[in-house]
Amino acid sequence: MSAVPSPVAPPRRGSPPLLEADRLSKRFGNFLALDDVSLRVEPGRVHALLGENGAGKSTLVKCIMGYLTPDAGRIRLGDREVLPKSPRHAQSLGIGMVYQHFTLVPNMTVRENLVLSRPRLPFVVDWATERAALASFLARMPFQVDLEAPVRSLSAGEKQKIEILKQLYLESRVVILDEPTSVLTPAEADHVLSMLHQMARAGEISVVLITHKFREVTQFADEVTVLRRGRKVGHGGVGDLTPSAMADMMMGGASKSSSLPPSARSSEHEAPADERDRGTDEGAIGHARVLIDDLHAEDDLGVPALRGVTLEVRSGEIVGVAAIAGNGQEELVEVLAGQRMKTAGTVTVSGAEYEPKRAIMRALNVRCLPEEPLRNACVPTMSVADNMALRVFDEPRYTAMGWLLSRKKIAQTATTLVGEYGIRAPSIHTPIGRLSGGNVQRAVLARELEGKVDVLIAANPCMGLDFAAVAEIHARIRAARDRGAAVLLVSADLDEILALATRILVMSEGRIVYEAPLEGAEPAVIGKYMAGHGAHVAPDERHASS
Amino acid sequence: MTSTRPAAGDGAGRFSASVEAAAVPLLGLAVSFALFGVFVAVAGANVGDVYYQMVRGSFGSWFSFQNTLVRAAPLMLTALCTALPAQVGLVVIGGEGALVLGALASVIAAHALGGANPWVVLFAMAGAGCVVGGAWIAAVGALRTLRGANETISSLLLNYIAIGVFKHVVEGPLRDPASLNKPSTRPIGEANALGAIPGLDVHWGLVYGLIGCLAAYVLMRRSAFGFAAKVIGGNARAAQLGGLAVSKIVIVTCALGGAAAGLAGMAEVAAVHGTANASIIVGYGYTGILVAFLARQHPLAIVPVAVLIGGVGASGGLLQRAEHLPDATVNVLQGILFVVILAIETLRGRLATFLPRARVTSESAPNPAAKAACSKAA
Amino acid sequence: MLEGRMSDTAAGLGIWALPLALIGGALRVSGPYLFVSLGECLTEKSGRINLGQEGTLILGAMTAYGVSYLSGSPWLGVLAAGCAGLVLGALHAWLCSLPRVNDVAVGIALMLFGVGIAFFLGKPLIQPPAPRLSPIELGAWSSIAPVRAALEIHGLLLLGVVAAFVMRFVFRRTRWGLVLRVAGEDADAARALGYDVDRVRLVATAIGGFFAGVGGSFLSLVYPGSWSEGLSSGQGLMAVALVIFARWDPVKCLWTSLLFGGAGALGPALQSIGILGGYNLYATAPYVLTFVIMIATSSARRTFADQPAELTVAR
């Protein structure tokens, strides 16, 4: 069978083949990432693969896609045994994958991206024929896209749709999706998933849906397999399993079904305990520490990204800003951190005008915990000690005669902080780029929280970290708040915001569009505002006031 | 590497790392000279004789060694014009332009001061050379940091523009009517010449070079300013997060580099030519780029490398006379050296595998190559 | 060269003398810009920058002159120049594919290396005259010498014009072009599609070097049409800036090359109508133009949408 779609051939009919992974195991060094796991994807069904980070979901699909060779076990497709050697090979067998990150080339059009993905291209591409073939292909699809649009101009949701279209265009019969909705608004996610569901119903494809959102499983999947620590811990029809039963499987029985939030993200695991410790009690919250008024900024391509952000953070509170990626929250943090120029607006800290300059940051005790610390907050080639001195190296206590560095004092401080924060590094002279993500984040946290902190700006502080690191970093942020810091927390993870924030603001298209009430913030309502619904109310008022 | 101290138990790894740090460039030198030997052999020369003449012409006698030092002096300064901006992550190749305009400015300063005390004149010449050279390269840094214009291309364009301006002025407004064959400005006068270091036949420009490199070392590796520059060179976003005045530090660093090259131009005028004419334009600026890269942008390493490359240049004349090789032989060797020394970087961290007790090496010393890899990854 | 002939008749042509001299000059001077910028455009589209094109240009000029002199066939010289460039380009690509090797530094090194080799091997070629490429006389109908001179078109330039359009076609309409662009836009995506990014870049950089080498033959066999050590003065590197201005589009490279050629012809053209003062300043016109254009088209805050995304250095 050939997976080469000839532009004029009629669509292939017949149900997709049965995909079966039989007792796969995969070991990395001493770590058993996949332990005797089987997965059976029935033709024309949506099969959810559920599990925490590190449960073995991606190892399993990487074995199926040919990225990894399993140490033991077999993979069957239809009635024959296969061993995909590469993603390309898997694709030629009719197994395709939609990744969490986009594989589309931004500077090329949708049409070029689709045609390019074909395994065998003619030397001269006859665009007239290709256009006609794509048009007739699109006519059979449940949604339409602009073929001539450059991919860079598309929203995350549109890109995700094109990734899926690409799989259908390549005539993949089994489509594996790795957390496809993490970049989508709830409405977009529903649209994409229900479309896949319908296509599976129609017998066009089988779907493997990797997720950790129960809602998606119960609404769109037919079957579910649950993994935990590399083992298969549960399987069944979606109708037969309640979310709490699935959560129990995922968490190994540690979770109480009654307190389980609508989704089961890692940070949430600790959520019940946090409820007492939200700092919502009015007495702890002080005066307005940070005032942001009508802030404007542009993104890298010169398109307005912040269009009049106005907000306030008081000392002793954590204000969470929830937003779908690409709605200006990255730019907001960059402006406050000094990594982007504002085009208009003012920021006031403790009554004084704030500019992201060293002297002002120091005088006003403003600190920042940006996302991807190795890219945003560290010099990977410089040592742990030097990176920890980034805020203070020019202070009198670290310099002689006001300019000569005291390496000894820098090393002393670093040694103290490394011990205090439990940073695991071969030595304080090791380049920080060689440390694990959790230890890099701890080192940055240690640096940013040293001394008096009046304002802390944190962006996705726990992205990609494990349970233990997440709990610790959350605790440190809370502790800073308890010491009176005003914390502005920007996170793509609504659950993290629900767990930490005192107040929740929703940002959409570069504006604050909603403020959730102090008590009883409704994730569904917040999600609606994140998606941009109701955005017409708030921004006008804000503009009128400025 | 000087910026970190060995921690307890890290000594062995650090030792073999420093062995490697020295071994890699030395291997590069050996490979380069071997390749150069093959090249001259193919060109029909006797390889042994060529090597012999090169050693003789550069380090073989007190006379030739002094000649080498005279050539090394401007190279130390022009190398700083590349090495200083490299600390903040910029690849500037505008040393030639800064040197040429520094020379021109120093001549103008000398003329303006007429018959003043020679010390005052020399001081003013040095000041003028530094200011003009510094401003020239500061513009490159400013355009890069404020405007995003590629500094490598803009600094090269400025070389050509500087040479055009230089020739225009020397052949036009400031031309000494007495200079017939070779258009020159009026001489600065014997009294104002920069003399020789006592006991040597080498002018004071060498001391300028040594002091320049030492000062650059202290500033870049020991001071808070240098620390800030290193942060900017390593990751500008982290520097912004720390509130560092990125643009200011970049521009100042570039200005210092340009001032060094401008000073080289002043020394060439005051000590060698006594006037400004096209003889100044002999490519010290371009050779300085090579010196900076061979020294891996380390201010102190520039000193020996400049002497080595100065020696290669000094032997050029002898190669022409004794071996009948073209004067471009030196350029070929420089080209080979440059290419090989960059290519050999790929061995860093891997060479350790061949050395005893090498396992830990890759875990210890940071080096610019790793920095390149990291910034590439970022 | 043409200037001597022209200054006699210049007076009779009145205000037309300067534009005519400029057009003629632009057509001659733009040749090297065109070929180098096409080569650099190809290289950069694959996601790599080659600053060594200056060295390639000079090596190409020397090779073309030498081969033309030895074989008596200028076209063989052109081919040899291209091949010399091909070797240098492949060397650049190979060096850059090694881990920890920086492409900007390698470019500077190869610039010095190419120039060194060319000066070394070219020493004996400074005196003897080699057969040059002969022009197509489009102005033969005119009796006015400057008109005829302005309309002398060289076959090599026409080849360059054709190459610009062919290259645009290849980028847009062929498999090679698409693969090349993916390698330049997103190396990971290209690898995911099963392409060997290093190989794509090797081929692109080598062919890019071929173009730059041919550009060199234009210098030594067309205009100025001789070999000397002062033959090229930065055209190779200006072409790199030119590609940025042309937004990585081969056909725009053509128009921009003509503009740069015009700027380069300004000095000789003014000289030809008798304006001799400030020659050194007029000679800097192409550099000043490049410089101004570079500043005008840069932005510290923005990135260009049409810049190959793997090309971080062009900022």
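A, B and C label the chains in the order they appear, each numbered from 1.
In this section, a residue touches a chain if its C-beta (ideal position, glycine included) is under 8 Å from a C-beta of that chain, and two chains touch if they have at least 3 such contacts.
All figures in this text were calculated on a predicted structure; none of them were measured in a lab.
Colleague: So which one's got more C-beta contacts, A-B or B-C?
Modeller: It is B-C, judged by the count of C-beta pairs in contact.
Colleague: Could you find the chain whose CA centre sits the greatest distance from that of chain B?
Modeller: The chain lying farthest from chain B is A.
Colleague: Counting in whole Å, what is the centre-to-centre distance of chain A and chain B, each centre being its mean C-alpha position?
Modeller: That pair's centroid distance is 47 Å.
Colleague: Return the distance between the CA-based centres of chain B and chain C, expressed in whole Å.
Modeller: Whole-Å distance between the two chain centres: 29.
Colleague: Find every residue in chain C that makes contact with two or more other chains and list them.
Modeller: In chain C, 299, 301-302 touch at least two other chains.
Colleague: Enumerate the residues of chain B that touch no fewer than two other chains.
Modeller: 370
Colleague: Note the residues in chain A that touch 2 or more other chains, in rising order.
Modeller: Where chain A is concerned, no single residue meets two or more other chains.
Colleague: Over in the complex, which chain B residues touch chain C? Could you list them?
Modeller: For chain B paired with chain C, touching residues are 43, 91, 93, 143, 145-150, 152-154, 156-161, 164-165, 167-168, 171-172, 286, 289-290, 293, 326-336, 338-339, 342-343, 345-346, 348-349, 369-370, 372-373.
Colleague: Could you pull out which chain A residues touch chain B in their complex?
Modeller: 337-339, 356-362, 368, 370, 374-383, 385-386, 389-391, 393-394, 398-399, 403-405, 407, 411, 426-431, 433-434
Colleague: How about chain C: which of its residues touch chain B in the complex?
Modeller: It comes out as residues 51, 55, 91, 95, 98-102, 104-106, 108-110, 112-117, 119-120, 122-123, 229, 233-234, 237-238, 240-241, 244, 277-278, 280-281, 283-284, 287-288, 290-291, 294-295, 298-302, 313-315.
Colleague: Can you name the residues of chain C that touch chain A in the complex?
Modeller: 173-176, 178-179, 181-182, 185-186, 188-189, 192-194, 299, 301-303, 305-306, 308-309
Colleague: Give the list of chain B residues in touch with chain A in this complex.
Modeller: It comes out as residues 3-7, 10, 222-228, 230-231, 234-235, 237-238, 240-245, 363-364, 366-368, 370-371, 374-375, 378.
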